[in-house]
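Shared between the two complexes below is subunit A, which has subunit B as its partner in the first and subunit C in the second.
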Partner chain A sequence: MKRVYVNEKWCLGCHLCEYYCAFTQTDKTDMAYALRGRKIFPMISVEDSGAVHFAVNCRHCAEPLCVKGCITGALSIQDGVVRLDQERCIGCFTCILSCPYGAISPAEDGHAVQKCELCLSTNEGVPQCVKNCPNAAIVFEDRG
Partner chain B sequence: MKYVIIGNSAAGIGCVEGIRQTDKDSEIIIISDEPYHTYSRPLISYLLCGKTNEQAMKYRGDSFYTENNVTLLAPERAASIDVSGKTVLLESGKTIPYDKLLIGTGSSPLIPPMNGLDTVTNKFTFMSLDDAKALERVLEADRRVLIIGAGLIGLKCAEGIMDRVKSIEAVDLAPRVLSSILDDTGAGIIQRHLEKKGLIFHLNQRVDMFDKNRAILKDGAHIQFDILILAVGVRPSVGLVKDAGGEIGRAIKINAQMETSLSDVYAAGDCTESLDVSSRENKVMALLPNAYMQGECAGVNMAGGSKAFDNAIPLNAIGFLGSHVLTAGTYAGEVHTEYSGKIYKKFFCADNRLSGFILIDCVEKAGIYTNLVRTRTPLDTLDTELLFRRPGLIAFMGVERKAMLGGVR
Partner chain C sequence: MAAFDFYPDYEVVRNLDRCIVCRVCERQCANGVHSCLEEKNVMLADDSQCVDCQRCVLLCPTRALKIVKSDNTYKQNDNWGKKAINELIIQASTGSVLLSSMGNPETYPIYFDKLVINASQVTNPSIDPLREPMETRVYLGAKPAAVERDDRGRIKNNLPPQLKLSMPMMFSAMSYGSISYNAHESLARAAAELGIYYNTGEGGLHEDFYRYGANTIVQVASGRFGVHKDYLNAGSAIEIKMGQGAKPGIGGHLPGRKIVADVSRTRMTPEGADAISPAPHHDIYSIEDLSQLVYSLKEATEYKKPVIVKIAAVHNVAAIASGIARSGADIISIDGFRGGTGAAPTRIRDNVGIPIELALASVDSRLRNEGIRDRVSVVVSGGIRSSADVVKAIALGADCVYLGTAALLALGCHLCRACQAGKCNWGIATQELELVKRLNPDIGYKRLINLMRAWKHEIEEMMGGMGINSIESLKGNRLMLRGVGLNEKELEVLGVKHAGQ
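Take a look at the complex of A and B:
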């Protein structure tokens, strides 16, 4: 299955992936208009320390602790992708406490979580963080 | 192969999903004493405050049983198991044969003997959907509620009914709320938060006597109430295995493969005790994620596969009226704390490992800490100063991070 991978050496720490991820969640056509002046809630996050930068999002684990631990059944694996049914999530944050990568975060309203679903809803076949990374540091590949 | 599962909650469902990873066809029978589709037990408090409903609180979708070729026998109660004849006898008189059996019977409310309890009319426990429905029927805006037990069950119940009753008071023997998962400082934060919302606590207290609608505490104080909720604790349901001669400690003893001491009988969930790797002690870890993972592990092994679940740790994620408490592991060792008034962090380190932690209102990336507890990662391979300030993979060595994130082609 194709997953998102990050080449740490090529990551500039520009955080554009976070903005494109947040933009994808809006219904607007212009990113600046959609996000200007707003706190964003991306499903990918860039970690920075000195010269080291890298982005992290859901690894879509084969044995996902978030899915196994989900107390409501809101998280499930569908065709290899870890999916979230936000309607069934009650925001207990067991999944946040379980994910070894820190890849699940509270959604904007705080009453549920949110996570990367590989931009399946955009039907573009490639996640927006990958498509819009200016240095090709984020790739979408099948590495088994 | 014929699989029988006693219990229709997380452990039982995990077992079905574990079995189906290898055996797609053989019949699976689930025996449940509740007349319901599998539902998420921790959601009963959310049901009472209207944040979920009976459809949304189903733990798996409507087609779960048909998709997995599972026959649900419910409501039926198992009376005994015959290990040599490999059958389960139901209270209804039916006999169900098995090749592999899972005990996922969970736990039941512990009700200690209390003077005058029989004089109280409106008394409830709070563990099942039926408990929630019974409580629902008596909730009125002018009712005063008394909860015995200021632990996880009692306080989640309080949260669920807070806006639907006149007042809630809680009594606990312990000197602090959530005494099983919080230290004094953390408990104080949650107690003050709940007090601001209107809850009244009587800690370090116990009820000496009930007299109909009145509780008399050991210090002589009287509390008038209309509804009594008993949330003192739970007791693992071990009877079936005990009566069949299986080994019992504080609960059913299982190994890392989820086998009991009885041949072809497995157990998972709240009815079991197993190794907590953060303390190296056998414990009853009555927590939903562990129940699922134990059930799944049992299922894989029952179907002839080979799986061990050998890194269980205590783990709690729980919200109370906008405040979030996340805890994991064991509270022993050197302590690192940070308390800013808004957020509270406490880490416990021993033998170059993170043994456990408490986080209040700082949930971000908390699983990175949990992973360190679960995998017993040596702390000297990490930038712990950075890590305790803010969880991130940045605190790992580059080569380690590369391995975790899938490397670079």
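Take a look at the complex of A and C:
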């Protein structure tokens, strides 16, 4: 299955991936009008420490602790992708506590969580963060 | 004196309707131009630090930025232009020699733009390169003057060592130190995949790149940085650098801050200490001395590798080239005054040397007239901007061209000409790790390959149009060129007729 992999060596810490992720969640066609004056809630987050930067999003683990821990069944695995049904999420944040990568975060309204689903809804075949990374620091590959 | 020397030359224009305060521009500018006023959630810019490298413009996700030339103006004066005044003001406040980088940007004539290429019509057929074979391969090196036979009449192999290239283009000398590890890796990998060569420049060869030796030309310059026996044997040819088009007559100076760990080890010079290449080679004061170095290098490499001598295009370039051809060198490389550099005194870069088109034509004519053109191949550089320039250079008499600036542009350079500051925002002319990583060689080498493939296709198309199916038939074929808007003297030096003749 194709997953997002991090090439930490090439990450510039530009944070563009976060903005493209946030943009994708809106229904707008122009990033300026979608995001201007708003705080963003991306599902990928860039960790910076000195010269080291890398972007973290959901690893889509084979045995995901978040899915195991979810008390409502809002999280499930579908074709290898860890999916979230926001309608069923009650915002208990058990998954946020159990994810070892910190890849799940509260959604903007704070009532449910949000997580990366590899841009499956965009039909572009490649997640927007990967598509717009200027230095191939995140890639979408099948590494078995 | 005034609060500041002069109003900045370039202004950062931010469209506040489009800025989302993502701060990408701030994070990407090594010159510290952009900053965020957090309490107001707006971005600010300090135009005075902007070098117009275009990094922020191209990374801004909402296209909120552009850099414009300032319209602040001095009182109109055709003699004392803004540039002349500002440069004088800088010197009055610093007392220093002005430094610049990349090629001469001044308004001298560009002869390539005054030469047009021929095409076949009616009386000789043009060739479709997509249907018929088209030969772009070239061999660089001395060619034997005559066929020799042994006492039983069999042909002797008297061919001196040659460089074999799939197309008449290679990457010119850019040292590790002046450009980054990732830039070198991109050039080396692209050269290997394309079947051409890249040149180490004068900074030695990083141990990681020895494996690209079959596509490497190693350089020996006046500072002899990083030169040892394994280095000489690592490449496929050795280039003696006598001069550089951007700064004829002077040496080089790599500031100590660019001599970081790996660069220092590769150069065999102390970390943090300036690396100074003397203006002359202290053992070369004549063609005979040059010949000694040529043969020392051949001796060290068992006569298996061609030796290139690189000179800057200067006034008596034809006579110098004739001497070099007789010195035992296999290839002469001539660098015109538009050639790039990582740092040169501005006055030298902008006022010393001659255009490569004129230098090339006069060298080729001189070597032909003296009957020694076959003894050397001629490689030119310094101002090749497109495949059309390549075709014109070959028709003027070159065997091959070196590309420096063009290759860097493919890697992201936007010719801001601030290399000497060592803070290249594109990760090319810098050794700062945070900046070097901005050039991912996996992307860079592919862009170089794209560029070279595109130019090769275009060269084939132009050759086909002329009814020529091999680079060899184009070489020195000046009848394929005509001048437009050139005077008699220029046409005479170039050896071409005027359009309409």
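By definition in this document, the second predicted complex is superposed on the first by the 144 of 144 C-alpha atoms of A that agree within 3 Å, B and C clash if a C-alpha of one lies under 4 Å from a C-alpha of the other, contacts with A are read in each partner's own complex, and residues count from 1 in each chain.
Keep in mind that, in the parts below, a contact is a pair of C-beta atoms (placed from the backbone, for glycine too) under 8 Å apart; a residue touches a chain by one contact, two chains touch by 3 or more.
Bear in mind that the values here come from a model prediction, so they are computed numbers and not experimental data.
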| If subunit A is used to align the two complexes, do subunit B and subunit C fit next to each other or clash? | fit
| Does subunit B (first) or subunit C (second) touch A:His15, or do both, or does neither? | second
| field | Between subunit B and subunit C, more extensive residue contact with subunit A | value | B
| said: Going by the contact rule set out at the top, does A:Ala136 touch subunit B (first), subunit C (second), both, or neither? | reply: second
| task | Put down the vertex angle at subunit A formed with subunit B and subunit C, C-alpha centres only, nearest 10°. | result | 150
| field | subunit C versus subunit B - closest C-alpha approach in the superposed model, Å | value | 12
| said: Counting contacts the way the document defines them, which residues of subunit A are shared by the two interfaces, the one with subunit B and the one with subunit C? | reply: 9
| message | Looking at the complex, which residues from subunit B come into contact with subunit A? | response | 10, 14, 40, 42-43, 46, 51-52, 56-61, 288-289, 292-293, 296, 315-319, 322, 324, 326, 328, 363-368, 370-371, 386, 391-394, 398, 401-402, 404-409
| task | Please give the residue numbers of subunit A that touch subunit B in the complex, ascending. | result | 3, 5-9, 47-49, 52, 54, 56, 59, 65-66, 68-69, 71-73, 87-88, 90-102, 104-106, 110, 141, 143
| field | subunit A residues touching subunit C - in the complex, by the definition given at the top | value | 9-16, 19-20, 23, 30-32, 35-38, 51, 132, 134-137
| request: Name, in rising order, each residue of subunit C that touches subunit A in their complex. | output: 17-20, 22-24, 27-28, 41, 59, 61-62, 64, 433-434, 437-438, 440, 442-443
